[in-house]
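Heads up: the structure comes next, in structure tokens.
Read from first to last, the chains carry the letters A, B and C; within each, the first residue is number 1.
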Amino acid sequence: MHPTVFSRSLLAASVLALAGSAATQVQADPKVLKVIPYADLKIVDPIWTTATITTHHGFMIYDTLIAQDENFQVQPQMLEGWKASDDKMTWTFTLRDGLKFHDGAPVRSADCIASIKRWAERDLGGQLLISRTESLEAVDDKTFVLKLNKPFGQVLETLGKISSNILFIMPERIASTSSAEQIKETIGSGPYRFVREEWVPGSKAVYAKFEDYVPRSEPPSMLAGGKVVKVDRVEWYYVPNKSTAMAALNAGEYDFYEAPSIDLLPMVQSNPNITVKVLNPVGLQVAMRPNTVIPPFDNVKARQALQYIVDQSEYMTAMVGNPDFWRACPSLFWCDSPVMTSAGGGERLLTKDLDKAKALLAESGYKGEKVVLMDPTDHPTHAAALLTAANLRKIGMNVEVQAMDWATLTSRRKSKNPADEGGWNVFHTRFGGDASSNPITHLGTNTGCDKAWFGWPCDAEAEKLKEAWVDELDDAKRKDVLDRYHTRLMEVAPFTPVGQYAIPSAYSNKLEGVLRTPTMVLWNISKKE
Amino acid sequence: MLTYVIRRLISTIPVLVVVALFVFLLLHLGPGDPAAIIAGDFATPEHIAQIRAKLGLDRPLHVQFFEWAGRLVQGDLGVSIFSNVPVATLIHQRLEPTLTMTVTTILFAVAVAIPSGVIAAWRRGRLADRVVMVLAVTGFSLPVFVLGYVLIYLLSIKAGMFPVQGYVPLKEGVWACLRSLALPSMSLGLVLVALIARMTRASMVEVLNQDYIRTARAKGLAPSPILIIHALKNAGIPIVTTVGLAVAVLIGGVVVTESVFAIPGIGRLTVEAILQKDYPVIQGVILVFSFVYVLVNLLIDMSYGLFDPRIRYDG
Amino acid sequence: MSAALEPEVGAATAEEPATGSRAWRFVRRNPTIVVGGLILALVLGAALAAPLLAPIDPLEINVLVRLQGPSAEHPFGTDHLGRDIWSRTVHGGKVSLLVGASVAVISSALGLFIGLVAGYITIVDRIVMRIMDGLMSIPSILLAIALMALAGSSIGNVIFAITVSEVPRVTRLVRGIVLSVREEPFIEAAVASGTRTFWIIVRHILPMTVAPLIVQATYVSAAAIISEAYLSFLGAGTPPEVPSWGNVVAEGRDFFPIAPWLILVPSAFLAMTVLAVNMLGDGLRDTLDPRIARRM
């Protein structure tokens, strides 16, 4: 070992020493970007799955028709532009010049239409759009027309949505795969190509610059603007253990770590070669989800009691720690978003009132029946589950904590059986802040009974108010409808938010041009020698 | 010899059939639905049902089993239901890290254990013997992750001598590859060191008790290398058996070691596949593990002939 | 706690009432049994007296004191939920000892029964040993993980999963003994004199298996304690609400560069306990089974 490095490490300036010694052991190739994404890329079809890691993959190899800029305004991306008729019932879209797929074929209207149709089979927003669509047809290879049969205020926002499923454009032959089946080819028209031969599921995914990509001329702004690739290759490595991942970043073994543990940030904050920054303008909303079809939470009073057992700062301290990265939020929607409202007593989500909770529980007629709480031990909501178990016991509930892995939880939550026949009463999950910023896409507030998300809350009045919000085109009136909708939701209590948090990324100072985006994107980044 | 090998190989078929059937039933009777995992956190129940149907997971169990077994006989292990990548490719990708790690671990263990065992036997009852034996029992009792984390903390994080995690493939340089395997091999190898050192000592003690060597020692002959090698060769069979057994012990440790050091080997592939319920991958990998186990046992039996020419393999 | 632990604890305590010289002779002759037994008695005592030694509830969450280093109030620090590591470690001993002892007893009983039957009835032998070979050829930790995935997370299931992977080894041992003993002249004499098979097994063969079985059971319990830790470490073991050493390590692994005590404290207890059981095993083997002892 190098003598200076040795003496420095003796001084226990371990972080500096690590960076110094690491430089000698890792060959830093300025043309290769080594990245640790938050999860392993297991599935390559961003329509088949809603997994966020696959959305990241999607933004590498696919392009979108419309994108949102840093002000969440829609901008054309693959499109040259669009024209709406005066009644906003007919939309004409034109593709820009020079778009090519990775196999060399040009991007045509037919590819876009096939991609929209496959996407709309899966996506909630897409389903709503298609249900109001009269026709979607190509005029020529570069122009296609969407005709609505019912007004829809969110056409561009839906086509350009930023949470999964995202409308990625694939060649027509691939997009004609059933949406219940995974696509077999990984060909897009995005700024990177997928190097399939080098893909090792569970460990590594490799992307190469797509030389024929024609970026827009505008500067990049969130997901909009020019996607200029400034490296030759991007390599994703999956490192499951957060502490070793952090140590490896610290040692210079990687350039970019998407989602380090906030508790471990002190490890790199003293390292002058590492930047820590929140890149995702939206974060994650953590939710306690009761099962509304079986007792005791089929009773609305029992569900309302849950709103009184939560002190969001307790949950967020346990799950996240450092208060720079989380906030308590008195709304079922994402705080800091245009739809944030605390109408209907949202403040009660912030502080505990166990007496009130006990009273509500008594009114619900609860008599000590067993309550099954699913605890996913390999998931960040594990800490929330333990806290909820303790809190429910404090109000006299007979809680049985059932530990399982997240994979088992995702299949158990489908069951509508009674709790002791494989069913469940409550679990925790995380909703993307972007999805939670829109009543259409928020899975937690959907009260469409059988069509609602697991837990199946059922309330026709709330659904009607949501429809009214979608239909309303006047901004002031929309706000009023939104408040009434939120008030109703607070009464129905389809879920209880326990806080929202941001996820910082950590990366080498050699990187320049890292963008702030809701999903990890790796264009515009250059790496100094 | 050849007929012996063939007979032994044929006799492994029932074992593999038992394993295949057992693993298949085990997985398919368990809870957890790969379709729900595939669909992702934000999927609707209806989408999940569609995926189940497409993957054929809603068909009766025996239909699924015979279809899988039929393809297996033709050498087709199937494809991962997540990545759509053939199971054979997945295993092939993960083979190198696991194999190199296993080889370096065994080399490390043998290099440390056999001399220690010989010294302990030669100095039987003395201090050197006691020290080696106490260390051996300790090594045998230390779970892999304990040593792994202590080594990472001291040698990687504090001293910066080794990479914290990960695996450098052989083609990127033998030295870099060995460096990346140093800590995993040490953590994983300690159990083997203990096992092999104890067995070496025991066999050596037996050989050293034989008359001709006792006579030599009584005459005041110093422990010459020739004598040691001679004695070691006679002690070979139990030692080789132990090394072979150690491979079986190793496979278990590999799973944990790969998880501690984030090495993309077969062990991690298996654990991840089990937790995600990627049925074709689990079935394929466990069959491969069983086959390797059976093969190693066969190799051990055959190696006996090297040490003792009296052993013959007649049909 | 269980039968498997009795000889060990007995060995450790036997010295107290005895006269000085006899006790000293026992210690001199069996240092490993005494040291191993003493350590084990300490761990067992600590586990049983856990509420006294560690009055803080190991499940009590207090996010205000999360990830704190060792202090007067929390001698071994706290974890990411502010739970007391000393409490969790002391209480965790119960899980490890329970798993170790139960697996040893159950797998010995099952292995003994299957081994005796297989060793004596040829048809059963063929079928049973094929199944045992199959089970043995699956790496035991993978087999246990797969079983846990099937059965779900609970201490009972951990014991079940580890037992399934240990039974074949015990069965093989017992069967081997039966096969060698049944050729002995005194068995042949008993058969010739018309003694019923059942009585031959009970009177003549069973006693021959006792000593090796006790030694084997000790090693099995050491292996089971490690297996429980591995399973919990890989996220397929004891329910995380229950503090077990494997769980405490598994939860601590994400924080170990900033809070190494999360891993080091339970690991040290784990290693010490397994070491004690292995030492006991070695000592028992040397005293109970002189045939093997001569070789070692």
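Everything below uses one rule, namely that contacts are C-beta pairs under 8 Å (C-beta built on N, C-alpha and C of every residue); 3 or more make two chains touch, one makes a residue touch a chain.
For clarity, every value in this text was computed on a predicted model and none was experimentally measured.
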### Task
Return the chain pair with more inter-chain C-beta contacts, choosing between A-C and A-B.
A-B
### Summary
Relative to subunit B, largest Cα-centroid distance belongs to chain A
### Query
For subunit B and subunit C, what's the span in angstrom between their mean Cα positions?
22
### Query
Distance-wise, how many Å sit between the C-alpha centres of subunit A and subunit C, to the nearest whole number?
45
### Distance from the mean Cα position of subunit B to that of subunit A, given in whole angstrom
39
### Multi-partner residues of subunit C (at least 2 other chains)
149, 152, 235-236, 253, 256-257
### Message
If a residue has to touch 2 or more other chains to count, which residues of subunit B qualify?
### Response
31-32, 157, 259, 275, 277
### Task
Could you tell me which residues belong to subunit A and also touch two or more other chains?
241, 247, 378, 405, 408
### Task
Flag every residue of subunit B that touches subunit C in the complex, lowest number first.
14-16, 18-19, 22-23, 26-27, 29-32, 137-138, 140-146, 149-150, 153, 157, 198, 201-202, 205-206, 248, 251-252, 255-256, 259, 270-271, 274-275, 277, 282, 286, 289-290, 293-294
#### Entry: subunit C residues touching subunit A - in the complex, by the definition given at the top
61, 63-64, 66-67, 80-81, 149, 152-153, 235-236, 239-241, 253-258
### Message
List the residues on subunit B that touch subunit A in their complex, please.
### Response
31-33, 35-48, 50-51, 53-54, 80, 82-85, 90, 93-94, 152, 156-161, 163-166, 176, 179, 259-262, 264, 268-269, 272, 275-277
### In the complex with subunit B, residue positions of subunit C that touch it
130-131, 133-142, 145-147, 149-152, 222, 226, 229-230, 233-236, 249, 253, 256-257, 260, 263-264, 267, 270-271, 274-275, 277-279, 282, 295-296
### Residue ranges of subunit A touching subunit C (in the complex, touch as defined)
241-243, 246-247, 261, 263-264, 266-267, 314, 317-318, 321, 375, 377-378, 382-383, 386-387, 389-390, 401-405, 408
